[in-house]
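By written order: A, B and C. Residues from 1 in each chain.
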Amino acid sequence: MFLIDRRQMLALAAWSAAATKAWAQSPLTTAEHALYDAARREGEITWYSGQYSADASEAAGRAFTARYPGVRCNVVRSTSQVAFQRLSQDQRAGVAQCDVFSSTNGGHYIQLKRQNRLMQFRPASADGLLPMLRQADPDNYFQSSFLGIYLMAHNTRLVSEADAPQSWTDILDPKWRDKLAVGHPGFSGAIGLWALQMRTMFGPDYLRRFERNKPQVGRSSIDPVTMMNAGERGVGVAVPSASTLFAMSRGNPLKLIYPTEGVIAALSPSAIIRNAPHPNAAKLFMEFTCGPALSIAVRELFNESIRPDVQPPEGSRPLDQVRMLAPSLEEAERGVPEVREQWREIFGV
Amino acid sequence: MPRLTLTGLTKAYGRLTVVDRVDLTLEEGEFVSLLGPSGCGKTTTLRMIAGFVDPTGGTISVDGAVLSAPGAVVPPERRGMSMIFQSYAIWPNMTVEENVAFGLKLRRLPGDEVKRRVREMLAVVKLDQLAHRYPAELSGGQQQRVALARAIVVKPSVLLLDEPLSNLDANLREEMRFEIRRLHDEFRITTVYVTHDQAEAMATSDRIAVMNQGRIEQVDAPHLLYTKPRTRFVAGFVGRTNLLEARVEGGRLMLEALDLGPAAAVAPVAADGPVLISLRPQAMTIHEAAPDGPATLVLPATIAERTYLGESWDYVVAPEGTGLRLRVAAPPLEAHDSGRPVWLALDPRQVAIVA
Amino acid sequence: MSAALRPSRLRLLEPVMLLWLALIAALLVLVAGPLLKMVLVSFEMQETGEFTFQNYLTAYGRQRYLDALRNSLLLGALAAAMSVVIAVPMAWAVSRTDMPGKGFTWAMVLAAFVMPPYLGAIGWILLAGPNSGWINVTWRALTGATEPLVNVYTFTGMAFVIALHSFPLVFIFVKSALDLISSEMEDAANILGGGTWTTMRRVTLPLVWPSILGGFILIFLETIALFGTPAIIGIPARINVVTTQLWQFFEDPVRVEVAAAYAIPLLLITVGLIAVQKLMLARKGFVSQTGKGGERREVKLGPWRWVLFGWCLTVGLLAVVKPLLVLLQASFAKAWGRGFSLDNLTLRNYRFILFEHDMAPQSVWNTVWFSAASATIAVILALLVAYIVIRRLMRFADALGFLAMAPFVIPGIVMAIGFYAAYAGPPLSLYGSGLLIILAFAARFLPIAYASSQAAMRAVHPEMEEAARILGSGRLHAIRKVTAPLLKTSLLGGWLVVFIVASRELSAAIFLVGPRTRTMSVLLYDLTEQGNFEVVAAFGGVLLVITMVIVGIGMKLVGRDFMLRRE
């Protein structure tokens, strides 16, 4: 065989086969049954996804298609701000294309809800979510679908564990000049939340001081992971735990840093767009999202499970042992565009 | 010392020899044409003189210094020559003035001298009013003058012209012929002129070298080339002619039964035996009645065919008692009907024995 | 005049007139419509549609926006200048000298042309990242230096990467102009005392000055319209340019009006550049039309020919070989940062992209289908327009030709915004449909098809067709049976070139794609957001394979240099 790591391949094949099979074969719930036939008549669902990484989003899409044969999931994965931009372009052009919209920036939902662009729907499976995720919106316009942990990480070859920054303010020290990497709030929703949270906690000057250390700016919050893998930068700021753990699993010398103040937790919802072209399939997708199938599919790629009945991923610190920082959705709606604009003034891009 | 000497100059591409042991000498101030049909090697010879083509044999020297020999060729830019090209090769992105000044500037002459000489040169070729025009704004004849000015202004040791008039229409061509000769008379630059047009060569040259299949057939003054061609090729290529089989018998040149006089008068040495002679259509005249005159041979003949060419009549005349059919030229007013018996007068001095 | 003396109107009417009208309509829809709409929209208030200048105030009301504009202009000028420096010696060497390795040089130019610029950009991130790029790693290992040798995340770095993929345009322009110069032009300078270098500097290159200038302008325009490279390199390098700024105007709420206003100067600059070009070239003549006696000889360079070959080799290495190698390595790597080692090899990236990715196969299909459809539309339109223009069939034929050539000088991103403004929303609501992209691509690449059709059409003598018509064949029938077959090869060549450039187009596509109409280039761009270069490289590999197949077919059917030929 041509130089493939057979063991890895077999393992990968095994988990994906096993996981998808298990949940494809587990009986559909009543709620799922109720939607399935109508969904099958619609045939497909288009999912604008900015929450899970490309790999995980694709895995989720495959799991969905496997569980509900005859209903195809079109995964349109991009960064959250870009997904929202596409949604806005659809709206501007008066063309309905998106069924379910998933963004790490919870503020998007407050805006969409206010603009009356969301469909009210509560999937039955939402009752099985982690308690803190169970009721994202009292009016049920959107439901939690993602719990992203954003923290710091370092390349152990470039930065020793002893030297590694311990808190969000450590990285303001000039000794980290030219060693940091970060995503961009104009692209990544999570980076928007992070920047907002930093501004709230440490004052408006934080970003300016952070900029003085010349962090390398990518687009996605995952970009810094790549930069650390390559050895281009030693410390990744506000990187998702899932992508970092995944990179570590592939042999990259990275290590997670849980900042002393706490991690940024993106408790992000998904919602059905009011004029969704496939409303029943969209509802079915929401049942799927809040149900165990999604958590199972994405945990294999080190994403946090959003249900207590699905185990957290390997290598991640249990959620009850970490302090989670997060702006409220309302804060996010107002604050993220502000902080994004401030970022652009400071960083020039 | 001659200005330009070609000795055994040869150019071969593989097994194809395009220039074959050419010897030619030009005295200072001489104007020599290389005349021949296309493919005869005249342009290759010229380009070897210019240094664009390396010879495979022989040498080229100027004022005694060897410029080209196999494996040792001075590049064109260091030969101090200049050249006029078939396409003129006027640089369209430079004005007339810039074109002419180009060679002078390369010679690093002081700016005001460049200006002065360009001005003078343009006056000579009557382009002084057009100095700031671009070539695209000039007529074909004017472009040709620019090319001449550009080549002459640098006072080259040798001036080379490669079919310079072939892109002009007939009237302009005639005018430029005289222009080229006039400039030569004024500047006395040693000149090699390549052309396939004999009229052009005749009008401009001191001597003409007729080339055929890579070799020089004959080098002579234009009128001698015409009246005394030495080879069959030259006789046929330069002007039209009657090529006839004759014999030398006892020192006399015999055309069938006709005695053309002593062979020694026509060619230096002529042993007895068959020879080929060239008899120009212009060497004969047609008369209604027998003319008298000591130097001419007169014989009765019949007009066989006639064609009117505008400037002249072209008759085919059959002398009585022979199988000959001779082309004879006559002025437009001398019209004779076909089949008419006439007298044909023949000037033996214009007979040439050719090899 | 009595009716009996003239043929009846029916016999005068060629049915083909209707087609001409349709053609004009098509050009208006494809070219004039979007531009007009964009200009109009730039003066409209969002939602109400009232007349306003507010969009311009918003678009230029901030230092950052102005900086982006300035950056774009500088970047365009720098990339264009670099391209000229790279390409002109190569073109001269290939066209006029006895430099060895001309075939190799051709291949490198072709490959650099075919390689999508964003892939090259990713390759160069892997090569010239200040800390991890292979070049810098090697440099440090060899010299013990601590500072990087090269840094792709700089203004010049970005311009250089752009130039490495733009220079083929200058090369093609300049080489085809050089090919037209008869050697006598150079000989004339030689014999007057100019050596090889003097002649090249003072005669040969000035003669092709318009082509150099044309290439410069084209690359300038392409660069300011480029989206991928500025997004991939420019953001980490903290350089904001017009295209990334335009992208920001498409953030929620989508401000097409402001984007249109912001894009207008690009159009004005284009118009200005073309005016300047006209002015600079005014009276002068250039490449000589007196083709007679135009024998061409190779200039003998002696040892210098190796220097020139070295230059071509270096360019080939930098533009093609090195980026391709690192991309290839990354595409087969588990983690590209770990370098070349056996235990780092995997096919997982290819497997993911080919079998596990939901959108990838769809995007491959989209790319092929959109490119083929737009190439077909462009070639048919171009052929008909060229026919009318060359045969002078109508009074305003030249206007048609002008419309067909206009997109050549309109930055692609401006075109895309025009299309978005005109056709994305009601009444046509084409957003999200493949048709929008096909039309935009067809319009954007119409000039390429037009140029090749025009040249081909010139070569077919009208008498060929007249011979058919006098025998009773209608005009369209004659075109179909006589003219088109004679043009087949050229048309196929034009079709393939449009196909290839369309298959790698990103700048126009990025604003027009919907969820089901993503092309490979857009998907690649989306994938780069994931920071997962291994997968990106693998997908890039797939794109290159597809392109290579097309190029291979082209070479087989049309001839080796079909992409670089400009008749």
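Definition applied: contacts are C-beta pairs under 8 Å (C-beta built on N, C-alpha and C of every residue); 3 or more make two chains touch, one makes a residue touch a chain.
As the structure is a computational prediction, the values presented were derived from the model and not from experiment.
The central chain here, found by comparing per-chain C-alpha centres with the mean of all protein C-alpha atoms, is C. Comparing the centres of all chains, each the average of its CA atoms, the largest separation from chain B belongs to A. Distance from the chain A centre to the chain C centre is 37 Å, each centre being the mean of its Cα atoms. Annotation: 55 Å between the Cα-based centres of chain B and chain C. Centre to centre, using the average C-alpha position, chain A and chain B are separated by 91 Å.
The residues of chain A never reach two or more other chains; the list is empty. Of all residues in chain C, those touching chain A in their complex are 64, 67, 126, 129-132, 153, 231, 234-236, 238-240, 244, 248, 250-254, 256, 334-338, 342-343, 345-348, 352, 356-359, 420, 424-426, 429, 431-432, 511, 514-516, 518, 526-533, 535. Considering their complex, residues 50-52, 75-83, 85-94, 102-103, 106-107, 134-137, 150-151, 154, 160, 162-163, 167 of chain B touch chain C. Those residues of chain A lying in contact with chain C across their complex are 2-5, 8-9, 12, 46, 48, 53-55, 58-59, 61-62, 73-79, 81-82, 84-95, 97-98, 111, 184, 186-187, 216-220, 222-227, 229-233, 243, 247, 250-252, 344-345, 347-349. Contact residues of chain C toward chain B in the complex are 182, 184-185, 187-195, 198, 202-203, 206-207, 209, 283-288, 290-294, 297.
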